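Lettered A, B, C, D and E in written order, each chain numbered from 1.
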Amino acid sequence: MLVNCVAYQEGKKLADIPKEDISEYLKLPACFVWVALKDPEPGELEEMREEFDLHELAVEDARKGHQRPKIEEYGDSLFAVLHAIEPQPDGDLRVGEVDVFVGTNYVLSVRVNSERGFADVRTRSEHEPHLLQYGAAYVFYALLDKVVDRYFPVLDQLESELETIEEQIFIKNQARSNIEALYELKSKLMTLKHAVDPLMEAVGKLYGGRVPQICAGMGEYFRDVYDHLQRLHSSLEGIREMMATAIQVNLGMINLNETEVTKKLAGWAAIIAVPTMIAGIYGMNFKHMPELDWEWGYPVSIAVMVILDIWLYFQFRKAKWL
Amino acid sequence: MLVNCVAYQEGKKLADIPKEDISEYLKLPACFVWVALKDPEPGELEEMREEFDLHELAVEDARKGHQRPKIEEYGDSLFAVLHAIEPQPDGDLRVGEVDVFVGTNYVLSVRVNSERGFADVRTRSEHEPHLLQYGAAYVFYALLDKVVDRYFPVLDQLESELETIEEQIFIKNQARSNIEALYELKSKLMTLKHAVDPLMEAVGKLYGGRVPQICAGMGEYFRDVYDHLQRLHSSLEGIREMMATAIQVNLGMINLNETEVTKKLAGWAAIIAVPTMIAGIYGMNFKHMPELDWEWGYPVSIAVMVILDIWLYFQFRKAKWL
Amino acid sequence: MLVNCVAYQEGKKLADIPKEDISEYLKLPACFVWVALKDPEPGELEEMREEFDLHELAVEDARKGHQRPKIEEYGDSLFAVLHAIEPQPDGDLRVGEVDVFVGTNYVLSVRVNSERGFADVRTRSEHEPHLLQYGAAYVFYALLDKVVDRYFPVLDQLESELETIEEQIFIKNQARSNIEALYELKSKLMTLKHAVDPLMEAVGKLYGGRVPQICAGMGEYFRDVYDHLQRLHSSLEGIREMMATAIQVNLGMINLNETEVTKKLAGWAAIIAVPTMIAGIYGMNFKHMPELDWEWGYPVSIAVMVILDIWLYFQFRKAKWL
Amino acid sequence: MLVNCVAYQEGKKLADIPKEDISEYLKLPACFVWVALKDPEPGELEEMREEFDLHELAVEDARKGHQRPKIEEYGDSLFAVLHAIEPQPDGDLRVGEVDVFVGTNYVLSVRVNSERGFADVRTRSEHEPHLLQYGAAYVFYALLDKVVDRYFPVLDQLESELETIEEQIFIKNQARSNIEALYELKSKLMTLKHAVDPLMEAVGKLYGGRVPQICAGMGEYFRDVYDHLQRLHSSLEGIREMMATAIQVNLGMINLNETEVTKKLAGWAAIIAVPTMIAGIYGMNFKHMPELDWEWGYPVSIAVMVILDIWLYFQFRKAKWL
Amino acid sequence: MLVNCVAYQEGKKLADIPKEDISEYLKLPACFVWVALKDPEPGELEEMREEFDLHELAVEDARKGHQRPKIEEYGDSLFAVLHAIEPQPDGDLRVGEVDVFVGTNYVLSVRVNSERGFADVRTRSEHEPHLLQYGAAYVFYALLDKVVDRYFPVLDQLESELETIEEQIFIKNQARSNIEALYELKSKLMTLKHAVDPLMEAVGKLYGGRVPQICAGMGEYFRDVYDHLQRLHSSLEGIREMMATAIQVNLGMINLNETEVTKKLAGWAAIIAVPTMIAGIYGMNFKHMPELDWEWGYPVSIAVMVILDIWLYFQFRKAKWL
C-alpha cells in the first residue's frame, strides 16, 4: 500500500506526486523523492525497483522479510533493514520490519507488520528545511533516529518488569510466577537485543573513517544514533546480567523454601509423634503396669505429653524451625 | 559415482561429455567444465586430480572426509568443504559433506553421505545464462548459496523444537522429557553451529578487501551468502542463550516441584497423624479415664478428630500446601 | 543554578564575573572562563549554549540526562558525560551526572542530581598556577580525576560488603540474608561498573596516538586517570567473579543444610518410631501373649525401648546425622 | 639417550654418523643433520648446544621441561615445544614433551617422558626425497604433523567417553558414576586443550604474512597443520560445551530423582498410615463403641482398610507418584 | 629503610656508596647506580625523587601503594609496579609490592610489605659481568624474572590444593569442607591472577615491535619472562575452569547425598511402619477377632512382621535404597 509519495527540492516540499511521475522528478536538480510503502504487494515493490533502479538482491531481501538488521551498500545507494518493536497491550512485543532504500535523490521506506508510521518524521522534517536540505541522507537519519528512539520505551518496560520481579524475588510462594516472568522477560530481552546489536555494528560504519559517499558530512548525526544504540546495548547487557543473577537467586530461594518446609515437617512430626509414642506405651496390655492403676495416672500422662510438646515447640522455635 | 559432467561456454551448455574428454574442453576459450561426483571411489578422485591438476593436500582432505567447513586457496584455485545437513524422518540430523574444487575453467563438486543433490542448481543456472557467464565462480556461488539455504529449514526445526519445550516447561511432570529434549536439541544445535560458524568466517574473506582472484567482481553475491550465514549464526546464538536459560529454569521447576511434593507429604502426614495420636490416647489402659465411660465419648472423640482434620485441611489449603 | 563563574589568565584567577560578561573575557588572550552549574533550568543551558557556541546535540544530551559516560569531540571542543556516584547513609548508591563542556578557552561543568560539588578542585587548581596555566584541558583533567577518585571509596564499600558476606557464608541460617545481600551488592556493582567501563574506554583515547587537539601535551595526566579506571575495572571484575562463586557456594550451603535437616528428621523419626512399634506390639489383644503376664514384662519392655534408642542415638551420632 | 644421528644431502641419506662428526657434516653444502634424543642427560644437551650453537634460553627450557607448547624464533633458528599425549591402558592420558630445535642445516628433536618415537616419520621422509629436499624445515613440518596427528585418536577417545556418558545420563542410579566420569573427562579435555590451543596460535604464525625465514615456501604445509589444530580446537570446544550442558542436565536428573523418591516415600507412607489410623480408632477403649460388638465389625474394618489402600494406590499411580 | 646502594661500571661493582654520593657516580661514563629500599619513609622516597629526577606521578603511585601491576614509560625512564606474593605458614597468601624505577644509569627498587629481598639477584648479577654490562635494563630484567619465578611455587601450591580437593570431592560428608576449601582457593587464585595478568600485558610491550629505548637489544630476555607469565596465565585459567567444574560437581554430590538420605529415611520408615500397622490391627478391640483367640496367634503375627521386614529390607537393598 502506498502511504506517501512526495517530491522535495532544496529542503522544501514540491508536491504530492503520483508514483508514475517519480522518474520525471528524479531528473530535476537538487530534488529528491520520498516514498513510503506499507505491507507492499510484490507488484508494488517491482514497480519501485524499476523506478529507482534498486539492486535485485536488496529487493529480494525486502520481499522475503525476516532479515536481521543491517545496512548494506549497493554502489552509490544504501539498503537498510531495521526492526520496529512495538509493545502490545498484553505486554508482548511485536516485531515489524522497516526497510529503507536510500539513493542520492530518493528515499523509499517499506514498513511491514508495523502499526506505527513515520508521519511525524515527515512533518518534523518539513518544518526544518535547513536540515532537509541535506537531502535523502538526512531523511535516512531521521527515520533511523525515530526507529531507535522507539526502542527506549521498550527498554524502560523491560527495566520496570525486572524491578517488579526483583521486588517479588524475596517474597515466599512467588517462585513459580517469578520463574515464568523471568523466562518471558529473557525472551523479550533477546528480541530487543536482536534489533539493537546488529544495527549498532552497522551504524558504527556510517561515521568516522571510511563512510558511504551518501552519508558524508553527517557524521555527528550518525554518531549520535550510534551513541543511543550503545546506550541501549549496555543497558540490555546490564539487564541480562542482573537477570542471570536473579535466576540463580530465585533457585536459591526455592531451595531455601524447601529446607524450611522440611524443617516445619520435621518439627510438627516430632510434636505429634512424641504423645503418640507415650500413648502407645500406656496402651500396652502388660498385667503389671502400676501407673495404670494410679488415680492420677491419666491426667499426669496427658500433662507429660503437653509439657513435652510445649518444650519441643519452643525448642524448634528457638532453632527457627517453626 | 559420476553424477554429471557437462561443458559450458559463454553461459550456455555445450554438451554432456565423457570424463575422458574433459582435458580437451578445458582448452576451449571461455569454456568451463562442471563435474559432480557422489560418494566417489578413491580411483575416481585420483582421475579428477590428474584432469584438473588439483593440489595433493586438498584431494587428501576430500578423500579422508570429516573436515570442518573451510575455504582454502591453492594458487589460482579454491577448495571448499561444506557440511550438508539433512533432517531425518526421526528428527535426527544427518551430516554429509560437500567438497568443491573451483578453478578458472572447472568446478568439481564431491558429495559424500548426502541424499540431496544439486540438480536444481544446475537447472536454474542453465536458465540464467547471463549469470552463468561469470563462469566457475558463479557455479561455486550457486552451490554455496544452495547449501546455506538448506540450513534455514533446519534452523526452523530447531526453533520450533525450542518453542515446544518452552510451552511444556511450566507444565508439571514434564521435567524429565524436557531435560531429554533440551539435551538433544543442544546436540543438534552444535551440529548446525559447527556447519555455520567456520563457513561464515571463510565466506567473509570472499568479498571486501583482498579476495581470491577467481571471485573478483562477485562480491555482492558472496556478501549475500555471508549475510545469510550471519543470520543463521545470530539465530543459533539466540537459541543457545534461550536454551541455557531454559535449562536453568527447568532445574528451578524441578526444585519447585520437590518443594510442593514435600508440602503435600507434610500436609497429609499431619492430617493422618493427628487422629492417630488422639486414638492412641484413648487406647491407653488407665483405670481412671472418665471419658471412656461417657456414653457419647466415642462419637465425640471421632467428631473432634474430624473437626481437627477439616481445620488442618483448610489451614494447609490457605497456605497453598495442599 | 549558577554556582560559579570565574575568569582565569595565565593560571591566575582574574575575577568572579557575571555571566553576561563571559563573551568579553573570552576575547582576552590566554584567558579562559570556568563556569559551574548545578541542576540547571533549560533556560540557563540555552544561555550557555549561546555564550560558548556549544553543539546542539551535546546540549540536548545534557538537557535530557540519563546518558552513559562518554567523551565526544565536536570540532575543537569536547563534551564529557561522567557519573557521580555517592553512597547514601542507608548504604544505597545515588547516581548523579556531571556533564563537562570543554573548549580552548572555557570549561562548563553541569552537575545534576549530585550533592558533592567541585569547590575543592577549584581551590586546589588556584593554588597550582603552574598547572592551571595549561588552561581548560587541565581543569577538565582535574574534574575527571576528582570524579574518578570518588569512585574508590565506593569500591572499598563494595569490597567490605563482600567480605562481610564471605564471613557469613559458612554460618548456618544466614543463607536468606546472604542471598539478599549478594543480590543487592550485585546491583551496586553494576551501577559502579556502568560508570567506570565506558569512561575507561573514552579516556583511553585521550592519550597515546591520535588525541583531541585540546588535550595535547597532557598525555601523562590522562594516562594516570586511565590507569585509575583500569584499576577500578579490574577490581570490579574481581568482585564480580568472587560474587558469582559466592552465589554458587551459597546455593551449595543451602542444599547442604537441607541434607542435614533431612538427616536430623530421619534420625529423630527412627528414635521415636522404634518404641512406638514395640508399644504397639504389646498393645495387641492376643489371648496368649506370655510376656504380658510376666511380672517384669513392663519394665523390661521399657528398658528395651530405652536401650534401642540409646544405641540408635549413638549410631546416628557416629554417622554425623544428629 | 641418543636415538639417531643421521646426515642428509639433497634429500638423500648420507650416513648414520657419530655425534662427534656433526660439525664436519654441517659444513657440507645442501647437507643437514637430524639428531633425535630421548630423555637426555644434562650433559648430552650441553654437547648439542655446543655442536649447533643453540641459544642458552632455549636449552634452559628444554632442560627444565614442563613448558607450554610454543614456537620461538632465536635469530635464524626455531625452538618448538610440543606436548606428546599418549593414552595409557587405564584410560589416563600421559603428557610427554617433544622439543625441536631447527636451524638451516640441522634438526634436533628431544623427546621427554614419551614412549612413542618418530622412527616412522624418518622412514617416510627418507622415502620421499623430493620433499626431504626442502631440508630441515620439512623435517620440522613432518614432526609437527605427526605430533598433531596423534592428537586425533585422543580426541576420538574423549568423544566416545562423552557419548558413553550421554547414554547413561538419563538412566537412573547412574548419577554418581556420571559425575565422576564427567569430572575425569573434563580433566582430560583440559590436558588436550593445553596441548592444542597454544600450538594453534604458534603454528598460525608459520604461514601467511611474515613467516620465519626458515619456513619460507612451505606455507601450504603449515596451513594444513594449522587446519588440523583448528579442527581439534573446535571439536574440543564442542565437547566442552556439551559437557557443561551434561553436568547441568545431570544435576537436573539428580534433583528429579530426589523428587521421585520423595513422592514414593509420601505415597507409601500414606498407604501404611491410613490403616494404622483406623486400627488406632478401633483400639480406643470407650465403653460404648457399637461397632466393636458387631459380629462383622472386624472383617468390615479390615475390608475398609484394604479398599482405602487400593484406592490410594491407584490414585498415586494415576498421579505418577508410585 | 635503605637496603643497598651500589655503583657499577662496565658490569663490575665499583663500591657501596652512601646515598649522598649518588649524583656524583651518575656522572661517570658507563656507570649505573642500583639502590634498594624497603618499606621507605615518605622522606626517603622524596630524596630519591630528587637524586634521580623521578616523575611526580610515579613517585605518588609508589607512595600510595595498592597499585595494580603495570609498566609505564615516563620519557626515557620506566616505572614498574610488581606484586610480590609470599605464601604464609598458615597457607594464606601475602601480597607485597615491588616498585622499580629504571633509568639509563640507575635502578631503584622499592619493596613494600614483602619479606623476601633480592640479595640473590644482586649476587648472581655480580657474578655475570658479561650480562650486567647491559646496565640498568638487565638489572630490571633480573628483578622482574625473580619476581615472576617466585610465582611458580605459589602456582604449585594452588595446584596441589586443587588436587587435594579433587580427591575428596567424591568422598561423602566432605562437602562442607570442600566448599570452604574451594572458596578459599578461588580467593587465592584471584590474588595470583591479579598479579600475573596485568603484568603479562605490560611485559608484552617490552619486546617485538616498538619497545622503550631502554630495553632495546634485550628482547629475547623479556620474551622469556613473557613466556613464563603466559604459562602462569594459562595454568591459572586451567585451575579456574577445573574449579568451576569442581564447584558444580560438588553441588551435584550434595544433592546426590540428599537423595540417598531420603531413600534411607523412606526405607527404614517403611520397615518400622509395617509392623506398627499390623500391631495396630491386632490392638483393635473388636469382640469377634478369631485370630486373637488362636493359641499361635501372637507368635505367628510376630513372624509375619519379621518376614515382611526381611522381605522389605532385601527389596530396598536390591533397589540400592539401603
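Here is the rule we go by: contacts are C-beta pairs under 8 Å (C-beta built on N, C-alpha and C of every residue); 3 or more make two chains touch, one makes a residue touch a chain.
The shown structure was predicted, so the numbers you read here are calculated from the model rather than taken from an experiment.
**Q** Mind checking the rotation angle between the two copies, subunit B and subunit D? C-alpha superposition, nearest 5 degrees is fine.
**A** So the copies are related by a turn of 70 degrees.
**Q** Can you give the whole-Å distance between the Cα centres of subunit B and subunit C?
**A** Distance between chain centres: 41 Å.
**Q** Could you state the distance in Å from the CA-based centre of subunit A to that of subunit B?
**A** Once rounded, the distance between the two centres reads 25 Å.
**Q** Find every residue in subunit B that makes contact with two or more other chains and list them.
**A** 248, 251, 255, 258, 262, 265, 269, 273, 276, 280, 283-285, 289
**Q** Can the chain contact pattern be summarised as a line, a ring, a star, a complete graph, or none of these (other)?
**A** ring
**Q** Can you list the ring's chains in order, from subunit A toward subunit B?
**A** A, B, D, E, C
**Q** Going by the contact rule set out above, which residues of subunit D touch subunit B in the complex?
**A** Residues 166, 169-170, 220-221, 223-224, 227, 230-231, 234, 238, 241-242, 245-246, 248-249, 251-253, 255-256, 258-259, 262-263, 265-266, 269-270, 273-274, 276-277, 280-281, 283-289, 320.
**Q** If we count contacts the way the header does, which residues on subunit D are in touch with subunit E in the complex?
**A** Those in contact with subunit E are residues 55, 57, 67-68, 70, 72, 74, 173, 175-176, 179-180, 182-183, 186-187, 190, 194, 198, 247-248, 250-251, 254-255, 257-258, 261-262, 264-265, 268-269, 272-273, 275-276, 279-280, 282-285, 289, 291-298, 301-302, 305.
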